[in-house]
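Read through the structure below, which is laid out as C-alpha cells, and then see the notes.
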Amino acid sequence: MAQDNTQVTGQKEALIRVDHLEKHFGDHVVLQDISVEIDRGDVVCVIGPSGSGKSTFLRCLNRLEEPTGGHIYMDGIDICDPTTDIDRHRQKMGMVFQQFNLFPHMTIMRNLTLAPMKLQNVSQREAEAYATELLERVGLADRRDAYPGELSGGQQQRIAIVRALCMKPEVMLFDEPTSALDPEMVGEVLSVMKDLAAEKMTMVVVTHEMGFAREVANRVMFLDGGDFVEEGAPAEFFAHPKSERLKNFLGKVL
Amino acid sequence: MWQQFRSDLYLNFVKDDRWQYLTNGLKVTLIVTLFAALMGIILGFFVAIVRSTCENTGRLKILNAICNLYLTVIRGTPVVVQLMIIYFVIFASVRIDKTFTAIIAFGINSGAYQAEIFRSGIQSVPRGQFEAGRSLGFNYAQTMLHIIMPQALRVCVPTLCNEYITLLKETSVAGYIALEDLTKGGDIIRSRTYSAFMPLIAVALIYLIMVLVLTRLVSLLERRLARGTR
Amino acid sequence: MKKLISVALVLAMSLSLAACGSSGNPEGTATKGVLVMATNAEFPPYEYHDGDSIVGIDAEIAEAIAKKMGCELRIEDIAFDSIIPEVSSGKADIGLAGMTVTEDRKQSVDFSESYATSSQVVIVPENSGISSLSDLGADSIVGVQTGTTGDIYCSDDDSIGTVERYNKGMEAVQALTQGKIDAVVIDSEPAKVFVSENPGLMVLKENYTNEEYAAAIRKGNTVLLDNVNKALEELKADGTLDKIVAKYIAAE
C-alpha cells in the first residue's frame, strides 16, 4: 500500500485499532472511550440491545459517522486525521447496510462495476469478469441485467455484499445485514457471509443473529450503554457470560 | 355576422401585414423562453448543489447564504418588477439588446424556481444511497454525480417541465421593457385596430396551443420515465 | 346541446343589450345623469394622477362638459390602447385622452369638434448632435408610447431605424436618459413636462407632426355627440377652454 509509510513500528500492527473512540450527538453520549483491536482474519460479531451504539460504532470505523474523539488506525494510519484521504480508505472497507442501498437506477452489473471502474481504473471487461465470478458464487449470475427493484430482499442483500466485494476490500463491515429481511431470506444471506468468513475475510458484523455469532465468529463483543462490557470467544461468551448485563441480555434474546 | 367576422379578421391580421406582429412576437417569446430556461437550469442546478451540500456537510456556508438571499429575493418579488429593475436599474445607461435583457431577467427568475425543484429532487433520494456511494469510496462530488443526481433528475423532470410551461406564460410581461414578444405583438395590433377581441383571442390561442403541446410532451416523458424506474 | 343554446342566447342577448345601452336618456349617456370618461392618466398635462385624483386639461374640460350637460363626471383610468374599445363597446361614454383624430380611429368611433391642437415632437439628449429629424438615421432607435399617434406615425416612417414601443411615455423618456434609445417621439405638451423634469433633454424645434385633439364618442350616438359639441362650443365662447389650457400650460 502506498500510504503505508507512516507509523510503521517494530511490533505487528492490528488491521484496525480503535483508540479511545468517542461519539456524542450534542449532549447525548453514544460511544464513550472505546478501545479495541481487530486483526486480519478476525470475524467479530458485535451484539447488544438496541440503542447501545452498535451501529454508530460500526459507522465510525469508516467515518460515515464522524467520531467526536479518539483515533481509528487502519494499517497504522489514523483515518480520523483530516489530512488522511478517507475515500481511499473506504475502498478497502466494504460496507453492507440493513436496507441494502443498491442503486435503483442501475442494472445489477452496473451496480457492481461502477465503483471499480471509476475508482480503481479497472477496465469494464475486467470489472464485469470479476463481478460475474462473484455473482456465480452467490448464485445470482442470471440476474446481472435485472434492476434491484426486481429482486427479493435476500437477493438484493447478496448483491450488496458482492458490490462491496468487487472493490477487493481488506475488511467487510456489516450493519445488521439481515434485520430488514423476511425470515425465509435470512438463511441465504448468512450463508454467503459464512462462505466469506471461511475465506478468511476480516469481518465486523453488527447483528441480532446469535446463531451466526456462535457459529461463525471468532470473537463476540457485547456493547451496552456506549461501551464494550464484555468480549470473548463465542463458546465461552455464550456459555459463561460474566457480567450481569450480558446475562440479562442473553436471557432475553436466546 | 360572418361578414363582420371576416372584416375583423382582415383588419386585425391581414391589413398592413399585421399578422407579422404575432409571428415575430412568437419568435421572441420562444427565444426568450428557451434561453431563459437553459440559463435557469445552469443557475438552478448550481444553487441546488450549493444548498444541498451545505445541508449535508455544513460546508459552503457563505455561498449558501448568498444562494438563500437570491432565492428569497427572486421568489419574493414579481417577475415584471425584476425585469424592469434589470432593464432600468442594473443595465442603466447601457444600450443593451432587449431580448438579451429579457433572457437574463427570466433566466435569473426561473433559476430560483428550478433550484428548489432540483433541491427537492436531491432531497427525495434516500440518505442510504448517499452513504452507499460514500462507503464504496466515491467522494462527495462523485457520489452526487453518479448516484444521487440521476435519481434526483428522474424525480424532478415532470415538475421542471411544468416550470418551463409557467416560464413560457410569464414571458408575456416582456412588453414592459418594450420588447415585442407575442403578447406585445397582440397589444400593438390592438393599438392599431382598436379592437380587443381578435388580437387578444389570437394571442391566447397561440399560448394555449403551445402549452397543450408541451403538456402532451411532458406526459409522454413522464410515462417513459415511469417505465424506467422499477 | 340545450345548455349550449341557452348559453349562446344569453350571450347574444347581453351583446345586444350592450349595443343599445347608450340610448334611451336625453343626455345620450349610458347611465342617466352620469358621464363616464375613459382616459389614460399617464399623459401630463392632459391627464395625470395628483394624489388620489386624476387632474389635467382633459379632466377639467370633461368636468365642464358634464356640468353643461347636467351630469356627474366619472373618470376611468385605463390603458391608452383600451380607450377606444371601451368607448365603442359603450362601457365609457367619451374618451378624452389627448387623443388625436385619425382616419383609422374614425372607423371605430366618432369624434367631437377638436378642443385642442397638439403636435408630436422629438425629444433628444442636448449633446446628441441631433438638430433635425433628418439626423435620425436608418440605424436610429426611437422610443414611443404604444398606440399613441407618435407610435403610429413612427411605425410607418421608413427613415427611422427601429421603433421601441413602451407602455408609458415616462418609460420611453427614462430609456432615453439612460442612452438606450436615440430619441422619443411624443405629444408636445407632455414633452415639455418631461424635458423640464429631466435635465439634459431638449425638444427639437421642428415638429414631427401636427394634430388635433378631440373627444371619442361611440359611433352613431349622435345625441351625445351633439351634446358634447354644444358644450364645447359654449366653453370656447365663454373662454373657459382657454383658461383651462392656460392653467396647465405656461404661455410661451
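The letters A, B and C name the chains in turn, as written, and every chain counts its residues from 1.
Simple rule for what comes next: contacts are C-beta pairs under 8 Å (C-beta built on N, C-alpha and C of every residue); 3 or more make two chains touch, one makes a residue touch a chain.
Worth saying up front: this structure is predicted, and the values here are computed from it rather than measured.
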Chain nearest the overall Cα centroid: B
Per Cα centroids, the chain farthest from chain B: A
Between chain A and chain B, centroid-to-centroid distance (C-alpha), Å: 47
Separation of chain A from chain C, taking each centre as the mean of its C-alpha atoms, in whole Å: 82
Rounded Å distance, chain B centre to chain C centre (Cα mean): 36
Residue ranges of chain A in contact with chain B within the complex: 62, 64, 87-88, 90-91, 93-95, 97, 99, 101-105, 114-115, 118-119, 147, 149-150, 163-164, 167
Interfacial residue positions of chain B with respect to chain C in the complex: 88, 92-96, 98, 175-176, 178, 180, 184, 187-188, 190-196
Parts of chain B lying in touch with chain A, wherever the complex brings them together: 126, 128-129, 131-132, 134-139, 142, 146-147, 150-151, 154, 228-230
Interfacial residue positions of chain C with respect to chain B in the complex: 80-82, 84-85, 88, 104-105, 108-109, 143, 146-147, 151-152, 164-167, 171-172, 174-175, 178-180
